[in-house]
Structures are given as structure tokens and as C-alpha cells.
């Protein structure tokens, strides 16, 4: 049980997707101007990534590995993920218009979030089992959400700052992300205690 | 001819995937800790971009609108897999270093964006050129980033070149006693250096604008006089 | 003893009361000209009832109330109206608005004054009297008092706190005219059915409190009490005083009566007493001259007295560089010394660089939190500042910008010397302007959409009619058309009648601009030719008016 | 090789069918985005953006056909709001559609008006009243200041007046920060 | 975009089916073509990839045991090792047996030091048949870059004689067991000042692994290739 | 036009900052007593660098140089950098740290008051990540001969075995994490040279000095009680709890409070108004979070003193905390936030 907890905590804090694994940066930079959108994107990603990790585990261990088709991983994963995104959108559109309003515009963006492919691939590298894969996916996505939301909070505040003109916008956002990832290095070594 | 110039200008500078559009950041930041890694992944990206643009523009007549995205992804993923296999076979050390970032070219938004925005609407020649130019735009940025990080971080350039050309040596730029500035090689350094590069681009743009304005003013004055 | 409550925050600036509180109120002499603005309340201007050349009596109505929130304006003295013209007002903008320029005849002839028995008159009559006497809040906001006195309440708070430094007009008023203040309070109390009346006075004015207590000994009916409240700026703010006296907190967007309290300034109460008991409308008020004066003090001044006629009474020092209307915490510099004293003018503070050093340079906010500790409204002034400065008005509203009472406590304590209140005022007026624009845009959208709808409908109707006609008599129609377009250069009546869209019409007009005469002729011809269509359009316009 | 093709073919058939079906079945209709964009536009209905009114421009933006910086009455502020809404990059007002002007209203010189009704037809918000051959007047409160009525007037009797500032419309100015260094123009 | 889109409220079922059938077919075609392409690429590159992997493995072994030291097909002469606490290993690994002229020459196997500064340090060792440690190398570690990472000779500033080289050729007779420690703990091996922990971890793990190899060498050499070794002795 | 108020309390950023500097003096005095005058050299070095960098950036950004240069904030940052770095850090380490703090963390964000991160702590974290070894070499307590230290600071020669010693925190973790040593906490604390009566030797007195200065700051109303109290109490509670549960593995509260940067952090760093929370509840959460993270990183992490990372991590959360801990506005108590 605790090992599961460590997988999640490790993915959220110690090996944060954005700051340590360096995945999912495009949405991290792109949808972090407002807190509201950041939360929406985080929720959508969490949902999709968890599912993606589960399905990709199944595909890999039931379909690809037994048939010696590992080179189809990239293709089959990305296609499945695209389908999951699409189907999720349809399902929530039909069942929960409210949720669709919240997540709808972010779902299509997720396909190009490289974390949704990267994390399932990492799962395989880390030899996680099914439950661990899902937890790792969820933890990573939570880490992504945490990073995104904190970043959005800071960026909202930065909008009023007297940042030197050439640094306004993305440049200072990058510097900020750098300092954030420096802060996350403080968690280094914690995952030693599994 | 001018269309080619425009495409190159777009790819290399104006619409530069990273500096202007902020796409494809993950590989950029993750594998640019040394120049060799950076350029290698960049070259792989060029390869994928050129090929996928070429393939899509050739096949564009056959792709129905509503499934264009899945088909594009299919094409890109296939090409990426092939590149991945090639790296594994011929540049194994590099393959280990670049890790998941080769397959991740699939999700690199620039590739898909270019395919959709350009290749799906243009002839094969133009599309390939566009793909390559966008890729070159990516390569020079990632290469520069890698060079800066490596230089600050360990005072060398081209370390790891022996993974590609066995026998070649890294260039020790700063004296051996340089203590290195590790942070540049670690993730925080990647963000910081990229931030500085974007600021540098802003500054260059700004200066170019100022110059253009001054020139215009001078012209007007000349005309007025 | 009444249990007192505390409000959070507040500051203690040096009070400087004794400079002007020593001497009795003097009557200011009649100025050679009075400038009486028709805009005397916070809610708008009165309707002008006099013309240049009219002679008026003291207390005669020269402007009548417009709408339920309107107030009446009176001639402050007898004399002749010299002109009705726009003059700058004592307002931060320095903008001009219509004023009556009255030349006094020096006789101070009153209109006929009738008193009213407050114990027999019914509430409506009393309220009418208050309105007709032109009484607005004298505590600063100049809100029409009859509007405030409309509700039924539990507790009436009479605000004699006078928490602003330097100002002593209420202090002197209470000391010298306690009987009328209390009488006014009782009238208001009766009017609103108050069970108790609380006089809140800061504890640095014991004489005033004693004077009121002396009068209050014979108080019956409603229980009246004079309460000394701790001296802490802004204890005199309505919300703070109510909080201190009753424990009730009135949020933004709510009014005192929603919680069974109402608050009037002592000067307002006094004016009510004069109006009801003596039939005197509000034509003068007490003004404190304090600050850089040789002879500071309090003066009873006619409304409309130009400030440059009043100021010499206090002998302002030669190094005076600004006059501030109101106190140092909330007042604003008057833009022009020719502006008149109005009902809201409680103090004219003379400023010199020595007494009031110019503000040191503004530094960035260091988020030290001094302002948050000082804010009596428990706001986050630095956040309001941060977002107002960067014009992120949505955020500043999220941080309750409109709860801010502009008391200035935050700016007073700010180590970075940021003129915080200036930013809030900027943001507030910007937001209000945007709301106005938004409302205008919404009406414009409705009207535009209605027009689109109408044009569609007309087009459809026309098409239907045309089709019918065409089926009927093709030849005849063709003939008619030919006749119509005979002298018209360009336009085709059928098309125009069918309602061409606006931009196209515009282009049609511009394209043939050069020859004006021909154009006019053409236009007239066109107009004649499509009389029917035009009539239809004109019909439609009013019908739509009704809809809107 | 064969298994590979089989496995992928299976997936492709399933996915292709699902997506193709979805594309038809769940086609999104009506775009709430247009309303949101329209709410930001100033509703001057002046057509300077190149579209016949604000709503058409809003539709064009929603479709991605129009830039967001073409509405002069909305000014840079308007562009900024659109940029926020759409997640696009802010760009300053494009000069080619005109420049931001202070709000004004049209005024008809009633002496000169010949009652041609042309301006009535031009006005997008029906702010002009009058009948043929009779003097026309503009209801100032409803005039959006679009200037569309100026060109059609055959006698040029319509002029635009900027609205004067009154105490009610007066705005507090942005507090100037006395931090600007006292330094002769550093660099442009 | 789509021209004749039917109203979404009542999609004509036949239309939807037809469209989806067509798109499915097209997608299928693309899939077939590109999967074929990939499969071809895979088949072409497979031999090369396998060769590269072997080469990589051989190179790794070469780090600890020169090719001249044996003449058998080392990679084929392997036994399965179950997870072994003594070696610090939680996963099954392979152990290779080097033989020269049919005689046991060396054992090449992996081990791990669990107590590195920031986690486990992976090692590969070659232990000669005469009980000497041929060499040890770090295969994976997460020690602090620039501080503890000198245990990896690639990162060691002293390229001429990297820190880890000091173990080569040692055995328990020239360095008694109680001296297999870093100097700071009174042992025989150097450490870098300020980064003793990494050195200590590697030293201890090496000594343990050497011990283990000596104890099990005979049994290991005796096993048939490909067999699974059971530590029945304990 | 400037309107109201027309009177201001006599307060200024400068007086705030200089009082903070003053409050650091007792701690610095103890520092000099135990570790020698090298720290004064570092302070001077840091101050000069900070002022130069500040002046340069102000000039580049066209801001009034003298106004900001004399506000004292750069000096506070510089002093905190110097006080958190080892006193025998090579000169370039201090200089680089200060440059990072002032140029990157302060001025790229717009200068005074606008930086979301604590400049001194970013400098510390950057340097400990980049040069962990240099950043953890401290002189032996009571070894206060200036000469060798100056040599260490200004020459490239870092063969300092005689001079340096691990910090108490570092020493403790090194020993505790070595399973072979079978050491008990009590044993280590008694034996090792770097431990004193309460915390680290010398450190405890420095911490007491900071405590004194910090209390004075509270009395001066420059900082409020929230941050130091929440920080110290949280650290105390967690440390006590764990050390009671497992005295073999976890040290007690006294040690945590009186060693490393805890006291400095509680009174001078977590209280940085610019990068910290401003609401009362926010301050409590901020400081408690920082203390918790400090303890976690100290006890399990790779870096010996987690205080800097903890504060930086909490800096990331400041906007969110502030946003969600707004005190109830006058009259709005009990009602949900938001405008009607």
C-alpha cells in the first residue's frame, strides 16, 4: 500500500513531470496565463492521462509484447490516446454538458501534450504493473496540474510587475519555470525511502 | 524564389517553432544539456518533419477532412518509429541518451501543426522544404541552447561527439580548472537559458523595428527635404 | 454604559483640533457675489427655476427637485440673479456646471418661514419639509437626507465623531447649538420610528459631549445617549461608527436601514431642526478654516460664497500653496479658488509645504502588509493597488474594490508612500465608465438586431408582394419601374425599398460624391420616387421605439 | 509483419468507424463563442472592421477568418480582451481599419437638412428619426457614433461632435508615477 | 468546412453509416500501408539492432574484463542468477563465465550498492578465478553530479587514474577484509573529500560482491550454460 | 492629480530595511565570535556586489538609481546571502550568488517588491545544487584564525581539511544514514565536535542572536508574529513528535531549531514580505508549510538544510494561498467570497 503512495507522491513531487521529467511543457507554457484555464487543463489532463496509462498498459502487455510487436508501441499508443481523447469528449458532451463546458476546449489540446505519450512509455521503462501504471499516470497528471496551477497563480501576479520590456511574456515565464524547477530539486532524494 | 525565402524566414525566425510559437519545448529542454544531444535530436526532427510534410502533401488528395488528424498522426508515428529504429541500430549510445524523446517527436506539436497548416495545402516540393526549414529552425535553437548550456555547465563544446563519430574529442573551451556551473546542465538551467534566448530574440526584434522606423523616418525626411 | 465594539484597522494621525476649536463660530460676511450651483447633492442637479434679472429672497427656491432623489436649491440671501452660467465646482475634476450668480442686496430678506410641530406632523409631511429645505448630508457625501429618512429603523446614530484631523465644525456646532442638534435628532428619530438615538462622539471632544448631555437630560420617549467612542480614524465613517456603537457591520451594497440603523451627521440633524422648527431651508453651513491660517476658526458661511471671499477671514499664511476641501485624510485640493462653498464643504484646509510636506517619491509596494493592518474595511489594499495599477479591473473587483471607502488609512501608513487611494479612484471610475459603455453597447446591440430583424421581415414581405404582383401583371410592373427610374441616376427603387444593408448604402452614397448639385437633385428625385417605401420605414421606426 | 498489419488494421477499422460516425453524429452546431466575442465588441456597428456590423465580425473571428485587431472603436483594450478570450497573442490595433477615436455622436444641422431619409437608412441602430421631406434629428443617447450616416447625406449636414465631459462622466486619471528619471530622452 | 452537413438533431442514419464506412476504409488503407512500412523497416534494421545490443553488452563487459582474458563465447556462457540480497539485487540477473582454454578465467556479474548518497548504485564486476577482482565499474547511479559522481570514471576529473581503478587487481590477501573500507573509516581505499558516502557505498558493495563470488565460484563455474543458479547453500 | 490623504506617517522602505539589517547584528556578532571574522569579509563582499549589481540594473532599466540604491533592500538580500553561505566560501561563489539574487531574481521581475521568489534563497539553492561541496564546507567551530580563512576565500586553493568540518546537520545525516555505524542520536550528539548543548556548537548562539533580533523586529512592527511563531512551532511539533516516536532515527526539536538556518529563516527569510504571503492566515500556512518541508528535506532529502528549498517551494504557492485566505471583508463575514 505504501509503495503505491510513494509512486503517487514520487510522481507528483520528486519526479514532477514538468520540472524534472520535462514533459508537457507546451500546455504548461500555453495555458497558464489564467488560473481558471490552468485548473481546467489540469483536470482534463488528469482524466486522460490516467486512462491512457491504463489502456496503454493493456495494449502493450496483451497485444504487443506477446506478438513481438514492440516497435508498434509509439503508433498504437498515440492512436489510442487520440481516440480516448475524442471519445471522452463525446461521452462527456452527451452525459455532462457542464463538465464539457469546463473541459471541452482543453481536450483536443491534450493530444499534443507529450506527457500523454511520454508517461505511458515511461511506465513501460519502469516496469510498472497495471495498478502502478494507472497510479503513476494519475500522480504524474496531478504533478502536472500542481505545476500548472502554481505557475498560473504566479503568472497572474506577474502581469502587474514592472518586468523589463524584453522579458515580458514568455521570457520571464521561462525564468519563472526555471526557478520553480530549482525549487522542486529540493525534493531530490526523497524517493530513496520507498 | 521569394516563396522559398519566405518559407525559410518563417521557419528560421519569424514563425520559429520555439522562439515564436513555443511548441516542441520538451525535447528542446530535456535533451539540450549538451550540444551533441541537442543537434542529434534536432536532426531526427528535421528528418521526421521533412518526410511527414512530404508524405502528407503527396497524399493530401486522399485524406478525408474528418479523419485528417488520425491519418496525420499515423503517418508521423510511422516515420518516427522508423527513425527510432534507425537510431537504435546505428547510433545506439545516442539512442540511449535521447531515450523517450525520439518517440515523443510524434507529439511534438510543430510537426502536426506544420503538417496540417502547410503540407495539407501545398505541393510536395514546397511542403518538404517547409518541413525541413521548420526543422532547421528547431535545430539551430536547440543546438544553440545545447551549446550555451554545455559551455556554461562544463566549459566544453561537443562533448559526447564520440557517440556519433567515434574517436572525435570534445573541445575544452574553458580551462580545466573551470569549476563548471552544474545548474546550467540541470532542468532549471534549461529554462533559464531559454528564457534569456527568448529575451534576446525580443531585443533583436525590437532593435530591428527601431531601425526600420528610423529608416522610414529618414526616408520621409529625405522626401520632405 | 453601552457596550462598545471595535472595528479592525484604523490609524491615529495627529489630530490638530485645538488650533481651530477654541473660538466660537463667527458669521462670515456677505460676499459681493454668490455662486450657487444647481448641483448640490450627490444624486444630480436641480431644475433651474430662475432667470437672469430675477430678484430673489433669502431661502427662495431657485431650483426644484427632479425625481425621487432630487433636492431643492435655495437662494442663500436676498438679491438679484445676475446670470445663470456654468462655473467650476468644488469637485476634483474642476469641471463647470450651471450655477446661479446672485448679487446680494445686503438686506437678507427671508421668505416667509413657517414652523412645523414635529410631534403632530406626520412622517410624510416632515420628510417633504426636509426635502423642500434642501437638506443633504452634511457629513461629506451630500446625499439627500429625505431619501435616507424614508425607512423605518431601530437605532438612529448621530455622527459627531469628526474623526478627520483639523476639522472642528461639528465640534463647535455641538458645543454651541446642542439644543437644535438634539432637537433635529429627535425629529429624525421620530420620523423613522427609532427606538433609541445614539450620539457618537470621539473621546477627544469632551466639551461637545458634555454640551449634548446637558441638553439630553430632558430627553423622553426614545432613549437617547451620548457615547464617547475611542479616537481612531475613521471612527466617523458611517460603517465604522455604526459598528462601534451597535456591532452591526453593513457590507457594500447594503444600506443601514436593512439592518435597522441609520446615520446622520450632527450638522444634518441641526439643519433638520432649523427646517422643521423654524422653517429655514439649508442656506448656510459651518465651515472650518484650519491649517496654515493666522486666525483659524469656524465660520457660518452662506452656500455659494466663493472660497476666495471666505479664505481671507482666516488670514492664510503667505506660503499657502493649496487649499483642500475636507480634511487631510479625505479632502481634495480645490482646483480654483473661485469655486463656491457648497453643502458638503466642511473644511477648507490651507496647506503649506511646511505643514504638509509634499509626498515623497512613490516606491514600489513591498507587500509589507501595513496597509492591510490599517484598513478599516479589512481589505487587501496592496492587492487592490497591484491590480488597479495594472488595470486588471476584474481582479481588483474580486478583491472588493468597491468596498473601499477611500478613507486613506492605507496610504497614510504605506512605507512606500504610494498614493493608493488615487489608484482606487482611478480604477473605480474606470470600471463605472466601462459599465456605462457596456450598457450602451447592449442597447446598441438590441437596436441593431431589431433593425436586422425588421429588414429581414420587410425583405420577405416585399419579396412575397413582388412575387404576387409579378404573377399578376408583369408588364405593368415593368412600366412602373421604368417610370420610377427615369430621372434617378443610380438607385433602383425596388432594391432600396427592400432594405439595402447599411454599408452598401454608404458606398452608394460616397461613390457619386463629386457633383454636389446633381447629387442633391438625384437624392430628391430618389426621395420622391420611393415615397411609399420611405413612409413604410418611418412607420416602422416609431413602432420599434415602442418595442425598445 | 502479418500480425502487425492485422493488429493495426483491426484498430484502424474500429477507430475509423467510430470517428467517422462521430464526426457526423456529434457535429457541433451553433457557436457560443460568437456570442462571447460579440459581447466584447463595442457594438458601434460601424463596419470599419470590414464586416457589416459587429456580429458578422464576431462570426468571422470565431471561424478564425479575421484577425482580432480590426475594430477601431474597441481600441487596444478590446483587442486585449479578445486575445484573452481566445488565447491568442495580443497585437496592437491594425492601422488599416482606422484608429481609435474619442466617442462622439452625430449631429444634424437642422437648418440644412432636406429630409432625404438617406441617413435613416444608413443608421445601423435606428438612432435617427424624421420623415421624408422633414427635418431629421438624431437621438444622441442612442447614437453609437459609427459615422455611417455622414457619407449618404447629400447636403453634408451631419457632423460628428465629441461628447463633452461632465461631472457624471468624468474619470479619475491614472496616477502618474513620479519615478520617471529626470534624464534627457534616454533612447527612443 | 463540410458542405452538406445534415442537421445534428436528426442525423440520417444511412448517411452516417456510409460516411463512417468510407472513412474507415480510407483509414484502414493508410494503416495498412504505413504499418507495412514500419514492419519492413523493423525487419531491415533488426539484425543491425541485435548486433548493436550485443556489441554494447560486450563493451560493458570489456570495461571490467579485457577480451584477451578469455577465449570462450562469453555471452553464451551465462547462468541465471535469482535475486540475491548479498549482491544487493532485487531482480534476476545474468552471470557470465569467462574461460580461457577451457579453464575458468573470470566471473562477470552485476551487483548493487543500496546505500549511495541518493539511492542505489549499480555495479558490474569481474572476479578472476584466482580470487582477484579484475575490475569494477558503475553502471548506473544517481549520485550528486559534480560531487559524488566521480565513482563513474566518465565523470571523474582524474581521467588518468580514475578513482574506481584502485580496486582493479586487488584481492583479500593483499587487502584484508577489514581494510576494504575507505581511508576515512580506517581502510585502504581513497575517497574524495566531501563525498565519502558514495565511495563508502561502492567500496562496501564491492567487498561484499567479491566475497560472494569467492564463496560461490566453484558452483558457478560448474553449472551448465543457461541454467538457473540456486543459492542452496544458505 | 494626487488627492488624499495629504498626511503620511513617517515611514519608509529605507527605514524598514535598515532596521532589518540592524536586527541581524546580534546574530552576526555571535557568528564572528564562533567562526571568526571571515563572515565580515563575506558580508562586505556581498554588499559591494549587491550595490554594484543593483546600480547597474537600475541604470539599464532607466530607474532612478540613487532612490533605489539607498533603500537598503539590496543590502538585506546581500547580507542574507552571505549569512546562509559558508563563511569560507570562495569569493566567486558569494559574488555569483549575489548576482543571481539581484539581477535574475530581483530585477528581471521588475526590481524591488515585484519578485515572486526570495532572491537570497534562489541564490542559495542555485549554488548548493551547482557546488554542493563548496556550499557545505564550514570552518570548525572556534577555529577563528582569519588568515587561513582569507586564504580559502581568495585563493583557488581548497585543501582545507584542517579548517573545515561538516555542518552539524550534515554530520548528523552522514552518520545516521550509515547503517554500519549503528550510532544513536545521543551518542552522536555527545561525541561529535560540531555539537553543542542545544544545537550545533556555536550555531546555538548564533540562532539565539537571530532570535533576539527577530523579537525586536516584531516589537518594531516590521514583521508580525505569524510567520516566526508558525514556523518554529510547526518545526518543534513535528521534530518532537518524530523523535519521540523513533529517537534512534530522528533528532529532537531543540536541535532543529538551533541549528542551520531555522532561526534565521523564521525571523528574516520566511518573513520576506515581498515573496511571502500577506494575509494573516496565509502567513501561518506559508510558515507552517515551510517548516514542514524543511523538516522533511532535512530528514529525508538530499540537501542537508532544507530551509532554502522549503521557502522557495512555499513561494510557489504564495499567490494561491493569498488568494484563498482573504480575510472576510468588513460586513461580509460568514458569506462566500465574490462580488454580487
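Letters A, B, C, D, E and F mark the chains in the order given here, with residues in each chain numbered from 1 onward.
Here, a residue touches a chain if its C-beta (ideal position, glycine included) is under 8 Å from a C-beta of that chain, and two chains touch if they have at least 3 such contacts.
The model shown is predicted, which means the values in this text are computed figures rather than measured ones.
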- Item | More contacts between chains, E-F or A-F | A-F
- What is the chain whose Cα centre is as far as it gets from that of chain E? C
- Message: Centroid of chain C to centroid of chain D, CA atoms only: how many Å?
- Response: 33
- For chain A paired with chain E, centre-to-centre distance based on mean C-alpha positions, whole Å: 30
- Query: How big is the gap, in whole Å, between where the Cα atoms of chain C centre and where those of chain F centre?
  - Reply: 52
- Message: Quick check on chain B: which residues sit in contact with 2+ other chains?
- Response: 66-67, 70, 74, 78, 81, 85, 180, 182-183, 186, 188, 192
- Which residues does chain D have that touch at least 2 chains other than itself? 4, 8, 11-12, 15-16, 18-20, 23, 26, 173, 175, 179
- Each of the following residues of chain E touches two or more other chains, namely 2, 19, 22-23, 26-27, 30-31, 34-35, 38, 42, 117-118, 146
- Query: What does chain F use to touch chain C in their complex?
  - Reply: 1-9, 11-13, 15-16, 64, 67-68, 71, 73, 110-114, 221-222, 224, 273-274, 276, 278-279, 322, 326-333, 335, 338-340
- Query: Which residues of chain A touch chain F in their complex?
  - Reply: 35, 149-150, 153-154, 156-158, 161-164, 167, 172, 175-176, 179-180, 182-190, 192-193
- Query: If you look only at chain E, which of its residues touch chain D in the complex?
  - Reply: 2, 5-8, 11, 15-17, 19-28, 30-32, 35-36, 38-40, 43
- Item | Of all residues in chain F, those that touch chain A in their complex | 60-61, 104-105, 107-111, 114, 116-117, 122, 125-126, 129, 293, 296-297, 300-303, 306, 308-310, 312-313, 315-320, 323
- Message: Quick check: in the complex, which residue numbers of chain A touch chain B?
- Response: 19-26, 28-30, 71-75, 78-79, 82, 111-114, 116-118, 121-122, 125, 165-168, 170-175, 177-179, 181-182, 185
